[in-house]
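Heads up, the next two complexes both have chain A, just with different partners, chain B and then chain C.
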Partner chain A sequence: MKQKNSLPAVFLTPAMGILAVLALVPTAYAIYISFQNRELSRPDGSLIGLANYIDLFSDRRFINAIGVSLTWEAVTVGMTLLIAVGLGILLFECVSPRTRNLLALLFLVPVILPRVSAAFVWKFAFHPLYGIATYPYKAITGQPLDLLSNPATALATVALVDVWQWGLFFAVIVLKLLETLPPQPFEAARLDHARTWEIYAFIALPMLKAPLISLAFVKMIESLRAFDLIYVMTRGGPGIATETLDMYAFSQGFIESGRISYASSMAVLMMIATSIAFTFIWKRVQ
Partner chain B sequence: MTAHTLGRLIGRLILALAAFSAVFPMFWTALNAFKNRVDIVTPTPLFIFEPTLDNFAYVLGRESVFAGLVNSLLISGAAVLIGAMLGLPAAYAIARYPNRWSRDIQFFVLSLRFLPPVAIAIPLMVIWLDFGLYDTRLSMIVTYSLLTLATIIWLSVPAFARVPKEVEEAARVDGYGPYAIFFLIALPIALRSLIGAVAFAFVLVWNEFLIALMLTTSDAKTLPIVASELTQLGRDVPWGILNASVVLLSIPPLLFIGVLSGMLNSAFKRKTQ
Partner chain C sequence: MANIVCSSVDKQYGAVDVITDFNLDVADHEFIVFLGPSGCGKSTLLRMIAGLEDISGGTVSIGGRTVNDLPPRDRGVAMVFQNYALYPHMTIYDNIAFGLKRMKVPKAEIDTRIRAVAATLGLEPYLTRKPTELSGGQQQRVAIARAMIKTPRVFLFDEPLSNLDAKLRNHMRVEIARLHQKLKTTTIYVTHDQLEAMTLADRIVLMKGGAIEQVGTPAEIYERPRTLFVAGFIGTPNMNFIDVTTEKTEGGWLLRSAGGNFSISDGKFALRHGQPLVLGIRPADLKIAEAGANRMSGIADLVEFHGNDALVTFLFAGKEIGALVKASACPKPGDAVTFAVEPEGLHLFDRESGISLLKS
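Our next item is the complex of A and B:
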């Protein structure tokens, strides 16, 4: 069994080589560009040191984007887990195994949809005049309801779509996790006349603490990819109410001014922040 | 009626609402795709109308949509193929031949997921421009291979780890070499989960948006980009056409729902043992 074997090297080297090249070259290049003053219209730039980074900290739109991104992370991760745990327990508790499997399949539909599709479907549903989601409000009050053009509600409305996609999906995973638990602690608690919510709050969920933290971790990573939804639904607007960091970097680099280097310095800061945060969380989860 | 049965009833009601919310939006979009514009722009939503195929005919007849479809199929297909050919062997090596770097390799693969897509897309755009490969299918395939490779490795390691060691042991006793064991034993046994992993990678790149938006302008545009451009049309919006293109974009991922749900089941079932 311990004899020398070429398989690990033969199987691992090409994949790891390609991954390393494809990941490290752009990363290094992003850092390099961020020290320049390169723009889309001019192919060459000169090195200007840390000027882009210094500018960022007096850029109010950048500060705003940090706030929007952090709010987005907190709201989508929190709501997704809340809905997932709630619906997961209901699936486990209230319906027969056969219905359970059917519902689990239906709950997968939103997350499989392309983000662009999900964004459009809901953008049209929230259309103030023809939308089906805003129709009841319009029918009752006679007023159109324009959630996406209102700075106070736009971000929450986009977040709703994200939570719709991920909350239902994670509910299925919570259900599968509950199914893997041994039944004895539940029965013992029932014999002691524990109420249903007490069984979940004090027995089932604590037993699932580790996988639930992993789920939160996955959702944190996925929530960083808000761009598609926001791009289709609001383009960062109204004003800058839904402008996340990636949206702002994109509009600086491509739409408004073509300042690639400036956009790149933002991307580098995001990369550093997420790498530090997630490495830290990962080590603690392990 | 006891409090318990009442609670169950409310619970079922909530679940029914959630299931309704999961499927109704897409159903409504599909319905709108068969409507004439006058039946969509109504003060009250219409459920009964005269269906039309004009929207789909228009969408499929448009050169940009057709080109986007071909690009999406070619780019996603090639990237998934590369990801599977290189990723499956790598995942097997990680699962079966652990060494002191295995954990670091797994963390490296996962950490690729931390990278903000913008951070990858901006430098890649500059790099592909410098190579003269910007807005080509080749550059998109190479870029997406990063996503498919990382995803397939990450999802296939547990699939290979679940293959019973005894079976491989028995094959070794029968004189199979390490490569034969991989191709003839481990690969077939883990196949179901592996198909799930590959399907997931396909859905991921099929749905990918930000990188495609930055790395393509005309020739290599993928379907999500074409569809999003349609959704940004001006005031006199052709809603029926939009709905039809969204339906078209969503069909391929939805075809995989059975495979993906099967993968989910097998991933969690075995944990009980």
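Our next item is the complex of A and C:
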């Protein structure tokens, strides 16, 4: 009995050990240096308490980054789910099961593509002179269209790539979820004077509430990690139009000034904010 | 209220014919039961009338209007499914109200109608619950309420009691019968249970392999089965079948079997000399008798106690024959038994075609 009880510990210890070294140590260290005034150009630093945190709130670029990050979350999560539900229902309603499977396979390709590759492909597609996506506009108006250099369209254009990758993938998941639902409630609804859209709005989607919420959560977490996509496509530009929090922290820490403590304080704030936000949303949903 | 007319209705799935040339007139207020073994096409037919399946050929009309191309919601039908098909995320109240809301009935009227229907079906205590919190019988009652509240022109029931246990099934069967007595809505009821069919139906449509075997009142189907299949399908315990050959005698016919002969008088059946036939006798028509005509003797092999009656099985002409006798007078296994059958208890079918030879 005693041996049996220690078995889980035996298996868990190495994994927890590696996790501690790789994740907990850097996290703890980041918290520690966020209270210092360390810079990459100097080997020493001293404790300055909460000064970094206080500075952050008078940093307009930081406030802008919060706005960009929130917009990014809302747009990518919202659009991904909208596209996924819309496209999933469209496939379920209008396409034969055989074609459906073929299309599902096709829709999986974007998400399989590494995000850096996807970013490069689309960056080139949006090129004002040679891009295929901007070519029709150029052919009709004779003017080049530079979506990524326009502060008004840059974030939406990058979001489009994110939604292209995840919206199509989630559409396949929604389709498969719809296929698992029992058909009888739909038939009952058809006899209950429900139109097609009413069947989905009042029967199918409420029946899929739990998995759809899970999908939203997955996408929310995934959207937080869009650093690589934005980095390749715009590097936070033009100006600071697409500079999310992680992008700003990265450039503060490594690119522009090497203010590693200042960047760490930003990272710590992000960690606290996301933990609180997700806990709150999770509790609300449950 | 409405009559239903099916004329030359066909259904194919790809190259497979599921229903061929189905013709039926259902009168207003009538309670029709589609009865048949699994896979005979009875549910498919019901779903075609409901509009849940396309009609491959022929026409279906409800209340004088052809409904082939109408969506289910415009046909004026309501359906009760075998597995209830309630909306799992809605309360019972919302389940029942769903159709009326879609029809844009005012809220106050919906509420009055739901209270009335819930009272009829004894659902008042459950209106705020979710379907999963109810037992099977209660769920099916909700499904009936949901169908009833729309005051449809036609009720369709697709094996509504198959998922319930035996006791509840009897109870619900009586409730459905009472409901029809009260509402008098034209009803089509699909089942594979002959007891439900016999007790509920004004007329039974007995189906096999996508075609009608016989249409008639329960008594007609029981007493004058048109085919060997109908004779074997209806009646518990099953009808006994014995292979016989005809021989003309003075004023009648002799039916020769391997176990003994039966004699019948002229007139009731259309027979030829030397015709190979199947003789059918219901177990209840066999009476213990030492004398008289048309006797069958054997050794009691198995005695099944049914309560009031007992089913005695014995070997006759190489076949197991069952006879239903009073439990008080029942022989023991191993006893020699002799049964006699009255001429009215004899059914004759052509051995080739299976068609009854009864003169109409």
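Some observations on this one:
One rule holds for everything that comes next: the second predicted complex is superposed on the first by the 272 of 286 C-alpha atoms of A that agree within 3 Å, B and C clash if a C-alpha of one lies under 4 Å from a C-alpha of the other, contacts with A are read in each partner's own complex, and residues count from 1 in each chain.
Note that a contact is a pair of C-beta atoms (placed from the backbone, for glycine too) under 8 Å apart; a residue touches a chain by one contact, two chains touch by 3 or more.
Note that the structure is predicted; figures quoted are calculated from it, not measured.
For the composite obtained by overlaying on chain A, chain B and chain C can both be accommodated side by side without a clash. Looking at the shared chain after the overlay, A:Tyr200 reaches neither chain B nor chain C. When the two complexes are overlaid on their common chain A, residue A:Ile18 makes contact with chain B while staying clear of chain C.
In the superposition on chain A, A:Gln184 makes contact with chain C only, not with chain B.
When both complexes are overlaid on chain A, the residue A:Phe170 reaches neither chain B nor chain C.
The superposition places the C-alpha centres of chain B and chain C at an angle of 80 degrees about the C-alpha centre of chain A, rounded in steps of 10.
Contacts of A:Ala249 after superposition on the shared chain: chain B is touched, whereas chain C is not. Of the two partners chain B and chain C, more chain A residues are in touch with B. Of the two partner chains, neither chain B nor chain C is touched by A:Phe92. With both structures placed on the common chain, the touch criterion links A:Trp72 to neither chain B nor chain C. Once the two complexes are laid over each other on the shared chain, residue contacts for A:Phe107 go to chain B alone; chain C is not touched.
Superposition on the common chain A brings chain B within a closest Cα-Cα distance of 10 Å of chain C. Looking at the complex, you find that chain B touches chain A at residues 4, 7-8, 11-12, 14-15, 18-19, 21-23, 25-26, 28-29, 32, 40-45, 86-87, 89-90, 92-94, 97, 99, 105, 107-120, 122-127, 129, 142-143, 145-146, 149-150, 153, 172, 178-179, 182, 203, 206-207, 209-210, 213-214, 224, 227-228, 231, 239, 242-243, 246, 249-250, 253-254, 256-258, 260-261, 264-265, 267-268, 271-272. Looking at the complex, you find that chain C touches chain A at residues 50-52, 71-73, 77-79, 81, 83-90, 98-99, 102-103, 143, 146, 150.
Within the complex, the chain A residues that touch chain B are 1, 5-8, 10-12, 14-16, 18-19, 22-23, 25-27, 29-30, 33, 38, 43, 87, 90-91, 93-95, 103-110, 112-117, 120-125, 129-130, 132, 135, 138-139, 164, 168, 171-173, 176-177, 179-180, 196, 221, 224-225, 227-228, 231-232, 245-246, 249-250, 253-254, 260, 263-264, 266-268, 270-271, 274-275, 278-279, 282.
Across the complex, chain C is touched by residues 182, 184-185, 187-195, 198, 202-203, 206-207, 209 of chain A.
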